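Chain IDs A, B, C, D and E follow the sequence of writing; residue 1 opens each chain.
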Amino acid sequence: MNPSMLMSVVVSVPEGGEPSFSIAKMMAIIVSAVFINNFVLSRFLGICPFLGVSKQLDSAVGMGAAVVFVMVLATLGSWLIYYNMLVPSGLEYLRTITFIIIIASLVQLVELVLQKFSPALYDALGIYLPLITTNCAILGVAVLNIDDKFSLGYSLINSVGAGIGFTLALVLMAGLRERMETANVPAALKGLPIAFLIAGAMSIAFLGFAGLGG
Amino acid sequence: MSLAQNFSRGIVKDNPIFKQVLGMCPFLAVTTSVENALGMGAAATFVLVFSNFLVSLFRKVIPSKVRIPSYIVIIATFVTLVDLLMNAYLPALHQSLGIFIPLIVVNCIILGRAEGFANKNKVLPSVLDGIGMGLGFTLAMVVMATFREILGNGSWLGFNLLGESYQNQPLLIAILAPGAFIIMAFILGFFNIMEKRKRGGVK
Amino acid sequence: MGEIIRVGLMLMLVAVIAAVALGYVNSVTSPIIAEQKEQAKLAAMIDVAGSLGAGNLVFDTLSVPELANPYAGVDETLAVVAVTDSTGSELGYLFVAYGKGYSSTVQTLIAVNTSGTVTGNTVLYQQETPGLGANVSNPAKFLYQFDDRNASTLVLKKDGGGAEGLDAITGSTITSRAVTCSVKAGLDALSDAGVIPVEGGVI
Amino acid sequence: MSKVKSFAGGTHPPGNKEHSSGAAVVRLPAPEVVTVPLCQHLGAPSKPVVKPGDQVLKGSVIGEQNGFISLPTHSPVNGKVLRVENVPMPHMRSGPAVVIKTESEDGGEVYEPITDWEHADTSELVNRIREAGVCGMGGASFPTYVKLSPPEGVTIDTLIINGVECEPYLTADHRLMLERTQDLITGMNILASVLGVTDPVIGIEVNKPDAIKLLQEKGVKVVSLRVQYPQGAEKQLISAVTGRVVPAGGLPLNVGVVVQNVGTCVAVAEAVCSGMPSIRRITTVSGLGVNKPGNFDVCVGTPVSVLIEAAGGYQGEVKRLVSGGPMMGIAMFTDAAPVTKGTSGILALSPGEVRDVEEGPCIRCGKCVDVCPLNLVPCTIATASEFGKWEDAEKAGALNCMACGTCSYVCPAGRYLVQHIKRAQSEIRALAREREA
Amino acid sequence: MTGNRMFDLAVSPHIGSSQNTKRIMWDVVIALIPALVAAFWFFGPRALMLVAASVGAAVLTEWLCLKFMKRPVNFAFDGSAVVTGLLLAYNVPSGVPWWIPVLGSAFAIAVAKQAFGGLGHNIVNPALLGRAFLVASFPVLMTAGWIAPMEWKDGHRIDVQSCGVSTALLSESDELDALSGATPLNVLKQTFSWEGEPGRGEEVRAMLFSKQSLKNLFMGRVGGCIGETSAIMLLLGAIYLVLRGVLELRLPLSYLGSVALFGWLFGGSGWFNGNPLFHLLAGGVILGGFFMITDMVTTPVTKKGRIIFGIGAGLLTMVIRRWGGYPEGCSYSILLMNLGTPLIDRYTRPRAFGEVKKNG
């Protein structure tokens, strides 16, 4: 027997898209994305907006909302194209290039649509949208969904969870940074260093979620 | 600006990590060991140099309307290239860098240099800039990874430095997520102090 | 309109060039990548199977209709490879045990001889906590204890194994238990299906 | 006795009233020289109408009213004007004053008494209260006649007389209620009739049971109040007595209430029934820094040093000299400053009485939040102020603060909360003015 | 004539309450002493050594940091560093080497407190961040360094039956190794992984929740961190603090109430069969509920905020105990809620007296 065939017998390779859907698994995915493997605090995805847009609470909430929105759309688009176009034609290796194009165009599209149909929402989210194209959290969730072999449903749940986790970290960070504005921080640590320290403290605290549901 | 400056600027003066604080995600994520840091640094440098090269070469040809999308495609192409090559020839490293290889696409350093430098400069300076920035990125990663690997694993580039007993009970947090944030905070604080000293000295 | 078409064509051109270039590289690297993966796993297999006997080993899938799947809980299946020597006499079996550990499903490749005694093992995949569960990959910390045991003696001291039981990795009972139980479950399935004797001989 | 009422928040500092609460009011003769400030009331100072060398009569106008929120000032003695100059005031700023050499204290120019005030015209009464220079004796020294002239469309249905005296040490109002009971009741009735209120009440803390009993015996409606600082603050008193909440930034008249101090009532009675302008007041002198704490009836313009002398002089080390109560009073840098219509007390505090802690960082204990009677978050406002974040301070409600000092009193970190908040208030107002300009 | 004497100027108010930061901190130190006595009784002189090392390291680090930052060093003696050092030591198992509390205290003071600006400015509880730092760095020592409690008798130390659980039920091995005497919460956590074996978990849980076990928990005759085991000694200290006006009871009560409620709700294996008293007395809830959640610097200043904080921390404690990776969730729950303190303060700011709701 040919060794490579043999390996596929021994180490089973899960197929993309699982047929069954369980509430327990759904919960596990959400808890993992929001708390245990928080995108920012544990996976290091989306650090730049996390540091850049967390100076004020209002903008943090806006950014969070925009990220959740785009994450879900990007997941939908990238998953469908990956499994329906790239996989059938054996072009999986074009994944990165395809995804980034999808995300960039999506952001443009969302911007146009919002501007046209919901100016209020556009005003609220507009300034954050361009920033999002280069946010690794978005590309990250699209790629992770493929790497983790999530079905479309689980992928969408994962992206919502990731977005909520990102928003949670961002909003907490914004509150803490506002408090640091009136703190007696040593001169050397003012500015970004203290922001990193806050992130470190948050990251330690989030270790408390480790193993949740495990 | 001299060619030498094009090259050297990215290493210390405008170091993309410590001075510009760009590309934080891969920086924090893969600096758990010096080996990973070198691998990531090399991959990013490769992409930086070639994307700068191509962008500079075609800067007059590409219409400004599609500039950014074209850059993204160019960058993504080289990232995929690195991804495939690394997977084929350095599978262990590929495994440990994981998702952060494809994410080089959105690394702000690379798009930033394409848009901010290569787009406006001749080929040679652009390539030198790419190499300089790439080395600066790599150097910063190695510095960070040095702290993390020594503290968190008692070793440097895999060589056991602090002995068996330390390795049995290392300061594990250094290679966990919080360690990255905290060590970076103090490195940046150190640079703050140096900067202040320097400015004070000039005065 | 003409403008848009021109710009669009330009972008397409960039994309096509990129795709062609990547297609070429992919055609070169993909067999290497595939080969690479096989090699790594095959090496592990041959290594572990080496404990069953020396010489030229022959592998074949074992299909036993009544073989139950103890790994349904983690969405995996039990697949067994029979190992024979060049003379055709059966030496034993290989299978992968899947156990839900602390933060990942630990995959352990196990070699078991025809009398039901574990002769070799290695961890194929785990994503446990560094410094804790991840120590399961270090044979000297835990898995060394598996050799020469059979299903009935695969139990942690803590779980009622008594003095004869296995020592769990310090601070990582969950990981240790996961591996132990998953291997035991695989062996039990094999003996239930009559592939190996119910009570293996203890050396 | 009816149910004891109170407001939400506040604190209860040691009263220290026993030093002087038993001491009957001693009437002091005018000193050789009186220094009568022209800005004893809130609002614009009066304009001097005398010059050095002029002979003045007791009760004659020496400064005339200068605008709506302003009052005339009267001479407390017969004598000769020495100077019109700036003198140190109880607050560190100096202010214009008329310095008069006392010749005698007899008679004096008084207004025509309005003995039949029940039937007098409201406007006549209000005018009398104005021309007699009556201002609030309880706190802000606000011209009383203004409060008695509510704008069109506002109806006042409640008059509360403030006999709370919640500041520690002070006993002047307490003695006044015991010794000038009839004048107090008359004044209260005059005010009630001017405002058209039928049923005035007087609020007194239960630590003055003799005053409560006496007034009840005289048929006055008394509301007994729990001993809690700042029970005497207008909004808190209104809340305690009526349950009404004065809107933030609003006035008592917004909820149909007028509050007047007991001393103000006596001043009103004198102005109306005897035609005597407001030239005297009762002041407590207390603190461990004086020999014989007591209550004194003095004419305005009397130097603080004279009062101290009357109380037996200084005793031991005096750490701080305060005009008013210890919670809101103002530290004086010299005892040469004169008594004004608003001087409710003079405290010579020994080192042991004064709180002297170094200001430390806020430890966020929340005590200030728990006690602030206005439900502010003093620590946040003060910290914002400390770091120059005026907008944050404003958003947190800095402008609402009435500077009662309750928060500073309880703060274990010794934070100068009131000072920080006041600083924020003035910066916020300056910014607002800039924005308008 | 006394005229024209000059006096100091100062802003009002001129009097103040007798409370001050230093007094509060030293009161907390005093209140923590009974628990130290219990630690000595049950864990031996070694516990005292660890506590001393921890406190020394905390004060020394504070002093060094202040010196280095050129700030007044007298703040090092305001007692707050002593409290941090004490509480950190109280939060480590009694079997750890001496350098563990030293390292933890140094981290707590230098990184969690001074780097953020010192007393009053830190965002998370220093002692707890120090502990979490230790757990992440030395998970084995911090989760396995238990010493089974002993008692003194005739100058000797003798074993006490640790948590009222027959060890035979836990394992068929002869006895639990004295040095790794599991804590009651460890045992409870293990029972959750026996869900597949009906009966076994129930039986052990019944023993854990039994009167004898609760009595042991109350007295402190169980394995655990140095200062957390003896509920009665901790309560003694808490009463002292209440009498001294240091403790504001909203936080402790809402936290303990929340732990009891959720402990009953899901602190057993199913629903509504947990034992609230067990969850209150086991682990660090009493220590955390009276001495750590009450660290005013890192908790909300508003009354409503404190109640929300307490309830949230109680919920998180129980979620971690029941479903998390750690047997005990007390310290992480407080740390996690610390992160939300600025937001809680912001959204619970009381409406100012007389302030009307906008657009209402």
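Quick notes
Please note the rule applied: a contact is a pair of C-beta atoms (placed from the backbone, for glycine too) under 8 Å apart; a residue touches a chain by one contact, two chains touch by 3 or more.
This one's a predicted model, so the numbers in the text were calculated from it and none came from an experiment.
Between subunit B and subunit C, the least number of touching-chain steps is 1.
Note: the chain lying farthest from subunit B is D, by mean C-alpha position. Of the two interfaces, A-E and C-E, the higher number of touching C-beta pairs belongs to A-E. Ranking every chain by how far its Cα centroid lies from the centroid of subunit A, the top place goes to D.
Averaging Cα coordinates per chain and for the whole protein, the chain whose average falls nearest the overall one is E.
Remark: subunit B and subunit D have CA centroids separated by 70 Å (rounded to whole angstrom).
Spacing of subunit A relative to subunit D, judged by their CA centroids, is 63 angstrom. One simple way to say how far apart two chains are is to compare their mean CA positions; for subunit D and subunit E this gives 49 Å. Computed centre separation for the pair subunit B/subunit E is 42 angstrom, with centres defined by C-alpha atoms.
The multi-chain contact residues of subunit D, meaning those touching 2 or more other chains, are 361.
Within subunit B, residues 69, 73, 76-77, 80, 84, 170, 172-173, 176, 178, 182, 185 each touch two or more of the remaining chains. Shared contact sites, meaning residues of subunit C that touch two or more other chains, fall at 15, 18, 22, 26, 30, 102, 129, 131, 174. The full set of touching chain pairs reads A-B, A-C, A-D, A-E, B-C, B-E, C-E, D-E.
Remark: subunit B residues 169-174, 176, 178, 182, 185 touch subunit E in the complex. By the touch criterion given at the top, residues 139-140, 143-144, 170-173, 193, 325 of subunit E touch subunit C in their complex.
For subunit A in complex with subunit C, the touching residues are 1, 3-4, 6-7, 9-12, 14, 18, 93-94, 97, 101, 210-211, 214.
Here subunit B touches subunit C in the complex through residues 62-63, 65-66, 69-70, 73-74, 76-77, 80-81, 84-85, 87-89, 91, 170, 172, 175-176, going by the rule given at the top.
Of all the residues in subunit D, the ones that touch subunit A in their complex are 361, 383-384, 386-387, 389.
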